[in-house]
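Naming follows writing order (A, B, C and D), and every chain is counted from residue 1.
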Amino acid sequence: MKNPDNGIIKSKPYQDQIHNIIFEADTFWGRFFDISLLVAILLSIAVLMLESVPSIDMKYHKALVIMEWILTILFSIEYALRLYAVHKPWQYAKSFYGVIDLLAVLPTYLEIFVAGSHYFMILRIMRLLRVFRLFKLVRFIDERNLLAYSLRASWRRISYFLFFLLLVTTIIGTLMYLLEGGTPNSKFDNIPVSIYWCVVTITTVGYGDISPVTGMGKVLASVIMILGYSIIAIPTGIVTAEMTKFSRRKKQQTQVCKACSEEHHLPESVFCHRCGFILDDD
Amino acid sequence: MKNPDNGIIKSKPYQDQIHNIIFEADTFWGRFFDISLLVAILLSIAVLMLESVPSIDMKYHKALVIMEWILTILFSIEYALRLYAVHKPWQYAKSFYGVIDLLAVLPTYLEIFVAGSHYFMILRIMRLLRVFRLFKLVRFIDERNLLAYSLRASWRRISYFLFFLLLVTTIIGTLMYLLEGGTPNSKFDNIPVSIYWCVVTITTVGYGDISPVTGMGKVLASVIMILGYSIIAIPTGIVTAEMTKFSRRKKQQTQVCKACSEEHHLPESVFCHRCGFILDDD
Amino acid sequence: MKNPDNGIIKSKPYQDQIHNIIFEADTFWGRFFDISLLVAILLSIAVLMLESVPSIDMKYHKALVIMEWILTILFSIEYALRLYAVHKPWQYAKSFYGVIDLLAVLPTYLEIFVAGSHYFMILRIMRLLRVFRLFKLVRFIDERNLLAYSLRASWRRISYFLFFLLLVTTIIGTLMYLLEGGTPNSKFDNIPVSIYWCVVTITTVGYGDISPVTGMGKVLASVIMILGYSIIAIPTGIVTAEMTKFSRRKKQQTQVCKACSEEHHLPESVFCHRCGFILDDD
Amino acid sequence: MKNPDNGIIKSKPYQDQIHNIIFEADTFWGRFFDISLLVAILLSIAVLMLESVPSIDMKYHKALVIMEWILTILFSIEYALRLYAVHKPWQYAKSFYGVIDLLAVLPTYLEIFVAGSHYFMILRIMRLLRVFRLFKLVRFIDERNLLAYSLRASWRRISYFLFFLLLVTTIIGTLMYLLEGGTPNSKFDNIPVSIYWCVVTITTVGYGDISPVTGMGKVLASVIMILGYSIIAIPTGIVTAEMTKFSRRKKQQTQVCKACSEEHHLPESVFCHRCGFILDDD
């Protein structure tokens, strides 16, 4: 298998056909493969969940294990085919999806050697991430872009805000521990637990497993809740501002007038609204 | 009743008058009919609710059943009149409101044959949907449009976001099960229940029926809450951006080009963007 | 006290001075009166709250009653002075604040005749509304306008949304009752209680006094929570869109170019940014 | 150490080098110092938290006390060096960070004299505020500005809104006390507790430690929840509007007039709004 200098890579037999089926979704078999894969992934997640329910696991343990092995072998074949189909297997294996695909088959094999270790479950649930690849089936690209753009654009602001939140919860949690700690029936036993309570409260989750029992504690808790109610507005404001910017930017990037360089046109414009010059649609 | 080729449909006697009363709200009797229908629907919902309260149902069972039958007969008459009044009864019967109207009368008749089946309650509560038709009484059209427009425009983005949320909750739920499962007093008994807990937490509902008891569990829960607090911003951002766009678009419709009657101009436009004609600012 | 036709109303002695002190806040005594009134109102609210705490009421019942009587007599004198100070007493008495002022003194007197009726408490708490009048002390007019404007502008949209919400909660509540009702340990005893649970859940309050116990119930509850999480975005979107519009409108209403009628200027502009003509500041 | 009139202040030996290391982050040792300080602060917070957990404190009490003393002595040296390094020590000592730095060392010394007073904990947690100074390490200036700007710009609106909220919760809390107070199993024992419940509910925290038990109480509670659900939109709207304004203002700063260096132009400006000079679009 000589690889000449002119850069042309000789294909292995059927490599292109397999590549089309596994990596693309344009042909009938490509779509069929994608849907089968989706079903297999969801099945494997279902098996994992049922295994975790003691009453079901006790009855159907054998069936679930067999199911898991069948799916693992199918995933292994798929992984091998992917390695075969791509021109640069090592590059694929190192990519995000390559690692995810490998992690999808590893845990079941590992469980043979390290029997009973149910911590591999977290690796098995990672199979769910493979579903993202199938989004090429449906047209969610624009939505994915918006989410990715908004999160990337507001990431630093939100993380700064989260640090600020952490600081507030730590200080208020300590204050609450000093107010309530030691009171009978109170569950503010130590500072970490008080900070946990403060996070539960400020995010408006409010389990109620810990709640203030003294008058002063209730007053401080009320202040924190109203505070949390107000600062819930901050991340919303950050993300909303980014999304508004995004949708405005997208609309504006489409056309530029060649006469007056005006850029802000309506999507369906034919003439420039400022100088009346005709617009080119590209 | 010969139906000639020229497309004119001979009216049945009083058909137009009945149509005016039942389907329109311009005349006195039209409005009277609409309000009576509203009262009848609300009454039938009240009967349904009272039936479900054992202490009340025991005392007044007979009165409630009689009430339900009176209302059902009234609704049956109304349904028959609607079928009579429209020119194309079959088209009406297949329409959304036609089905809803039929479902409003069916369950009570069906209960004669399939006695005691309280699952028909869900059909009876569907009568509430008929209230939507009465919105022509009050002018809510603009509001309905805004809601419908925003939901339609942001539907794909929100559903993509919801899928993302589901994925996060599944992975975190599994992680939580591995951390807390098996600990005494912990209620993280299996993965589905842990995912349920994760949904309860990330949406900031926080019943408190399940809550972490170990230190590590509380740390992870805190992370999830703060995460949920941040991503609550995303759907808000999506919908807000759409609504802002909607109200901006509406504002743009004030100017109309005198040459081509184009209505969608930017606020600062000088020339029509479609035909290049100069715009009048009034 | 002849009232001539030329429309001039003869003042009662000291009427203007009293009016200045009671109704205005420009003079020293006017401000002094306003602050005293604020203190008196807050004191009367504090008395009301302490009365409602059995352990405190038992000990200090007499002191609280005396305090309440002193405050009531002060409020009565103030009410009489207000009636004396205004030119048209009857018009004042019928106004919003006139009624609030009267309600502030009535309950204590009524309690002599209708002894022990603690339902007058709700009238006494209404004294708090009088604080609004004192906002002329601090400059909150712009903020009040924004809130009032946003609420008025979005009132119909929000009420349409709330009706929609009510409909959803009723239908889902019934569904939940059919799923969970009758299960041991389940508290979904009847439809009204299930609707209450649905409101508690969809608004993300989540007391946890009622929560699903069956698997199917938990699945449906999860769906509702994620639904509630998404539709929490709607009122936020409505109000935010209105507020953005408000702040934009305010900024834009300041200047119009006399040469090109351009209206969108920055607040500190001196020349028109479109045609270079000088701007008038009025 | 004569201080001549020409304003030049003679440096103490090594003063500039120490200042560079402690106050700046440009050099290697400056960065090293900042990171060491961050570690020391976090360590001291960890010690504080571990001290508050009885089971850990009992075992490692001695180690924690020693750790605390080591850190306090390090902070003391740092404080002394800061005083030495700055040109105007008294100005630094009075500044915000000067006070925070002093408070970081005081509590441990004070505890010698006022033994066992665990209220000094709140002073020790204040050390966390010193982390803010280290933000010069990472570039968060823009984010800090945005948060500070939005909060300052919306402070009065939010405080007006919070006052409004307080008023609503007080009135509804009283109403709820009248409805539920005295009912067996109900925990609405007095007005302050009912107001606390109302805050817990309207902010959608919902602990569930107090929840309505009567039918009427549940109806009123539902109304409050839906109300809270709607008014949660208001602070979000306020902050979002400010943030959108901020990001729009920032975008306007890209163009600079070549005649008068004015920077704040509208995106579509052709002429400078201040001096009328034509603008270059790049």
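The working rule: a residue touches a chain if its C-beta (ideal position, glycine included) is under 8 Å from a C-beta of that chain, and two chains touch if they have at least 3 such contacts.
From a predicted model like this one, the values you see are computed outputs, not experimental measurements.
Chemist: Does A-B or A-C have more contacting C-beta pairs?
Modeler: By the number of C-beta pairs in contact, the winner is A-B.
Chemist: Give a one-word verdict, same or different, on whether chain C and chain D use largely identical residue numbers at their interface, taking over half shared as same.
Modeler: different
Chemist: Would you kindly say which chain has the C-alpha centre located farthest from the C-alpha centre of chain D?
Modeler: B
Chemist: What whole-number Å value describes the gap between the mean CA coordinates of chain A and chain D?
Modeler: Chain centres of chain A and chain D, defined by C-alpha means, are spaced 30 Å apart.
Chemist: So, what's the distance in Å between the C-alpha centres of chain B and chain A?
Modeler: 29
Chemist: Return the distance between the CA-based centres of chain A and chain C, expressed in whole Å.
Modeler: That pair's centroid distance is 42 Å.
Chemist: Can you list the residues of chain D that touch 2 or more other chains?
Modeler: Where chain D meets two or more other chains at a single residue, that happens at 192, 204-208, 232, 236, 238, 240, 244, 268.
Chemist: Chain contact topology under the given definition, line, ring, star, complete or other?
Modeler: The chain contacts form a complete graph, every chain touching every other.
Chemist: Given the complex with chain C, which residues does chain A contribute to the contact?
Modeler: 204-208, 236, 240
Chemist: For chain A, which residues are in contact with chain B within the complex?
Modeler: These residues of chain A touch chain B: 45, 48-49, 52-54, 118-119, 121-122, 125-126, 128-129, 131, 140, 142-144, 146-147, 150, 158, 162, 165-166, 192-193, 195-196, 199-200, 203-209, 232, 235-236, 238-240, 242-244, 246-247, 264-266, 268-279.
Chemist: Touching chain D in the complex: which residues of chain A?
Modeler: Contact set of chain A toward chain D: 156-157, 160-161, 164, 167, 170-171, 174-175, 177-178, 181, 189-192, 201, 204-208, 211, 215, 218-219, 221-222, 225-226, 228-230, 232-234, 236-238, 240-241, 244-245, 261-262, 264.
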